[in-house]
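After this come two complexes, each holding chain A, first together with chain B and then together with chain C.
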Partner chain A sequence: MSDYNFAYLDEQTKRMIRRAILKGVAVPGYQVPFASREMPMPYGWGTGGVQVSAACLTPEDVFKVIDQGADDTTNAVSIRKFFEKTAQVSVTEHTKDATVIQTRHRIPEVRLTEDQILVYQVPIPEPLRFLEPRETETRKMHALEDYGLMHVKLYEDIARHGEIATAYAYPVKVEDRYVMDPSPIPKFDNPKLESAALQLFGAGREQRIYAVPPYTKVVSLDFDDYPFDPSKADYPCALCGATESYLDEVIVDDSGGRMFVCSDTDFCAGRQEAAA
Partner chain B sequence: MYVAVKGGERAIDNAHAWLAEERRGDTAIAELSVPQIREQLALAVNRVMAEGSLYDADLAALAIKQARGDLIEAVFLIRAYRTTLPRFGASTPVETGKMACDRRISATFKDLPGGQVLGPTFDYTHRLLDFALAAEGIAPPDAPMAEAEPGDMPHVTDFLAREDLIQPEAQDDTTPRDLTREPLDFPTDRPLRLQALTRGDEGFVLSMAYSTQRGYGRNHPFVGEMRVGTVPVEMEIPELGFAIELGEVTLTECETVNQFTGSKTEPPQFTRGYGLVFGHSERKAISMALVDRAMRWKELSEDNSGAPAQDEEFVLSHSDNVQATGFLEHIKLPHYVDFQSELELIRRLRREADAATTQQAAE
Partner chain C sequence: MSDTMIGTAVDGGFGDPPRDAARAFRAALQALSRPGTLHEIAGAVPPAPCSVAAGALLLTLCDAETGLYLAPSLDTPELRDWVAFHTGAPIVEAGVADFALGTWTDLAPLDRFKVGTQSYPDRAATLIVEMDAIAQSGSRLTGPGIADAAYLTLPEVAAFQANRRKFPLGFDTYFTCGSQVAGLPRSTRVEDL
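Coming up: the complex of A and B.
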């Protein structure tokens, strides 16, 4: 692949993306438009995250990719291979060894550090999109800090179901200003959005980049009498016994048998090794 | 016992190997060459060049071969390749009035300077399967030849413009925004809309255009003219101080003549829709012209009837098939985590609902 530039994108494009990232860091939670490129993987499969990672990676970086918390899901494998090939960076499955982590739908269980960047793949960056389909309208709403529609939606959830019926991509407010979509992570992960690591969000198809800088205040939207509840399945992990991690439900037979295992495979494997 | 989802890497490699085998098909059958695709599936090649936004027939043919004939996949391959190409500069605008036309028809005038040139068209073929084609090795008889008409082929709309019957286009020499280098931002302008339409999915643009014909934003189009042919592409070289010819491209251009009822301040005048597409792509060029015209409602002080084709945000956000197919197909990717959280939520809500019903029954 020597025909391609380091990390696939040409330096001009990377510069354009880095500018968008810097703007995003300067205005936490604000969706910065950027001229997303066609990547060799399809839109909707992590092209935003891939472009952000390409713009962040240096030859010294150690790269980790997870999808649904796991390093060995097919698309995580595919993206990791892409950067091994185009950027020759070293890769790892260990969260603590990674300097750049690209993720889809999860935040690792282990607390991240100031030396790490977490890059999220974002399908629909606009938290208001399903309340208002027009970009022209939602940008106006953000500019005016007009989030009444979102609060009405959450209120209607409570009126209808007795609780806020959003289980993933649970909206947050960043630094008391922008309402932000944390990407489709389970709401269990929301408290981890307040992190020591730099968190970057890339939406390729929708041409948006946004950021949560280290130690930024991130509050999950709720009401005083209906406080945010980061729930999870009420079981321990069947493999490592963890009770504080997010669990995947696995169907083990065709008569209703199921088990719960950690979604973060590195976390789970680490605990199993420590126990052995 | 639960088997962790390991072996993703091996599964991918194996899947790719199998895909390569399927792509080749039965090895007892001769392999299709890229030149064969380029020459004999030229309209597929044209579509891939147009929607891929890259004029290179050999690369498009290769993409079609690699994509097993899936044209959207081929467009995607071309777009991804296009990302890696450096941009040296921009050509000077091509002059379609100087096009060497293979085909030029007008539906508004029976005869006109330059004439009606039918060219290679399916239009009047009877769509009967030609079983003789199934027998290979029979070359078609030579088509009759004639001298090309000397001189340029004037645009039909120029004749109307001379009488002031058609609205003149706004003249503007500023460099238009580039859809492939800037994020899409609304409201757009006409150059940006035309860029999006020319690389938009043929099926989507066709359906949008068709919807205007059926009354969703109707704009009464006549095909003033449609022409297919080659134009030279020239580029200004700063070191030389003049433009040199880089090569030529085949284009299909369509100008529609549309009704305009006039307003209080303006007498009635025809208006235009415009389509310009790489290669020989008549359906696409005409569709583009109709949708272009539909989206001009604001500029022409027409009513927005709420039709989808009038809505630039709707049309432009959904016309790109590489974006659309990627997002559509991404739902094949694992969503265990989101689904798990939904599963827990719905179980909890059902439990609560059950409890409420039981309590009500007890009361």
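Coming up: the complex of A and C.
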């Protein structure tokens, strides 16, 4: 017997979040306001993702949490244990076994399936926020589909750096309508936003939920002469040898030594097992 | 209120509300994010003529914060009592409803329902349409949630085409029959074959 309601939140709160999720699904890329609750963790630790997961989980689910691709970081472990305790769901570190995956800043390397839901933790949901601080204005810009400012920003990148220097939280246009912040995933992951899985985004502090339904058109913003480039470090993984995965640079000593390893720990471990 | 009415109103809710509602929501979520797919949604036993699926949607999504419109064929004292007891949702006029329950002919004219505003397209109604049958054949659906094309029996095509032209405004629709539910968000493009 648990001292918590199923999946921690009370039923009224879950209904409110569920209604917001459904409207998010109906209008892909549009940020639905919701009455975000205080969660037993600080803002910035995934309170939005946790609330979306709590609203989606069923007792039959198999739950996985990754933080920058890793299953074994403090944030991922604590959120996994949180739902193990409050929703009694089974958990896994294997992407292919999971039915609900909560993620901070990565999309798993393995292609997701129709039977999976990917829940993103989002710090700043508004892609225009650093260009226009006023919510009243950015709301109007979305309503009028006025995204010129974003293109100016990308153009200024090119004028200054010779290329679009945005490397993460790279803005996308969803279903030819809304410009959306895909959360701070590396732009390497942007092509994977067109997925067979349902993708839900939760921003707790900013009180927004949005969604990308399966097979929805998601285009990374670019210019004809400066096309989008999902770049990555030009090395193979030092542990599994993968050349197609996103890599973390790890400093290994005090004299500048470093190695590049897969950021997706399950993907890397799976390849090492297969090779052994 | 007679004793028998109290009996009907109290019965037929979720046996285990947190878990039943979680399963029902997942069915509703899958239905809306994959238009043209059919899902079992159960756990509710609302008074006739309301279907099990529609009852489960009401229990899962409605509460004191959401206005519910009952179209004439479903606006019975028994269902009003059941909704009041299990959800506390106020019964409201079509024009201000967050959810509307009825048969297709019942719900017309559709331009009564909220479609949201340009700034807040989420402030739109969700229609729950009771059907005699739902099948994965008939009209051709394309758009978000659909790989190539999906097929669904619709009561009418023109209304959903007009609704799609308003995107990102528009109402969202669930079709219910027995314990089955299918979803049709405003983002779906509909063609007659």
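What we mean here is this: the second predicted complex is superposed on the first by the 275 of 276 C-alpha atoms of A that agree within 3 Å, B and C clash if a C-alpha of one lies under 4 Å from a C-alpha of the other, contacts with A are read in each partner's own complex, and residues count from 1 in each chain.
Definition applied: a residue touches a chain if its C-beta (ideal position, glycine included) is under 8 Å from a C-beta of that chain, and two chains touch if they have at least 3 such contacts.
All of these numbers come straight from a predicted model, not from anything done at the bench.
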item	value
First (chain B), second (chain C), both or neither touched by A:Arg106	first
Contacts of A:Pro33 with chain B and chain C, given as first, second, both or neither	both
Touching partner for A:Phe130 - first (chain B), second (chain C), both, neither	neither
First, second, both or neither for A:Glu175, with chain B first and chain C second	second
Comparing the two partners chain B and chain C, which touches a greater set of residues in chain A	B
Touching partner for A:Gly44 - first (chain B), second (chain C), both, neither	first
Chain B versus chain C as contact partner of A:Ser263, first or second or both or neither	first
On chain A, the residue positions that both chain B and chain C contact, one per complex	5, 33
Footprint of chain B on chain A - complex, ascending	3-5, 8-10, 13, 33-40, 42-45, 47, 67-70, 72-78, 81, 104-106, 123, 134-136, 161-163, 165, 167-169, 184-188, 205, 207-208, 231-233, 238-239, 246-250, 252, 259, 261, 263, 265
Interfacial residue positions of chain B with respect to chain A in the complex	1-2, 4-9, 11-12, 76, 79-80, 82-84, 86, 180-187, 313, 317, 322-323, 325-330, 333-338, 340-345, 348-349, 352
Contact set on chain C toward chain A in their complex	17-19, 21-23, 25-26, 28-30, 32-34, 60-63, 65-66, 98, 117-122, 124, 126, 143-147, 167-168, 172, 185-187
Sites on chain A touched by chain C in the complex	5-7, 11-12, 14-16, 18-28, 30, 32-33, 55-60, 114, 139-140, 142-144, 175, 177-178, 196, 198, 211-217
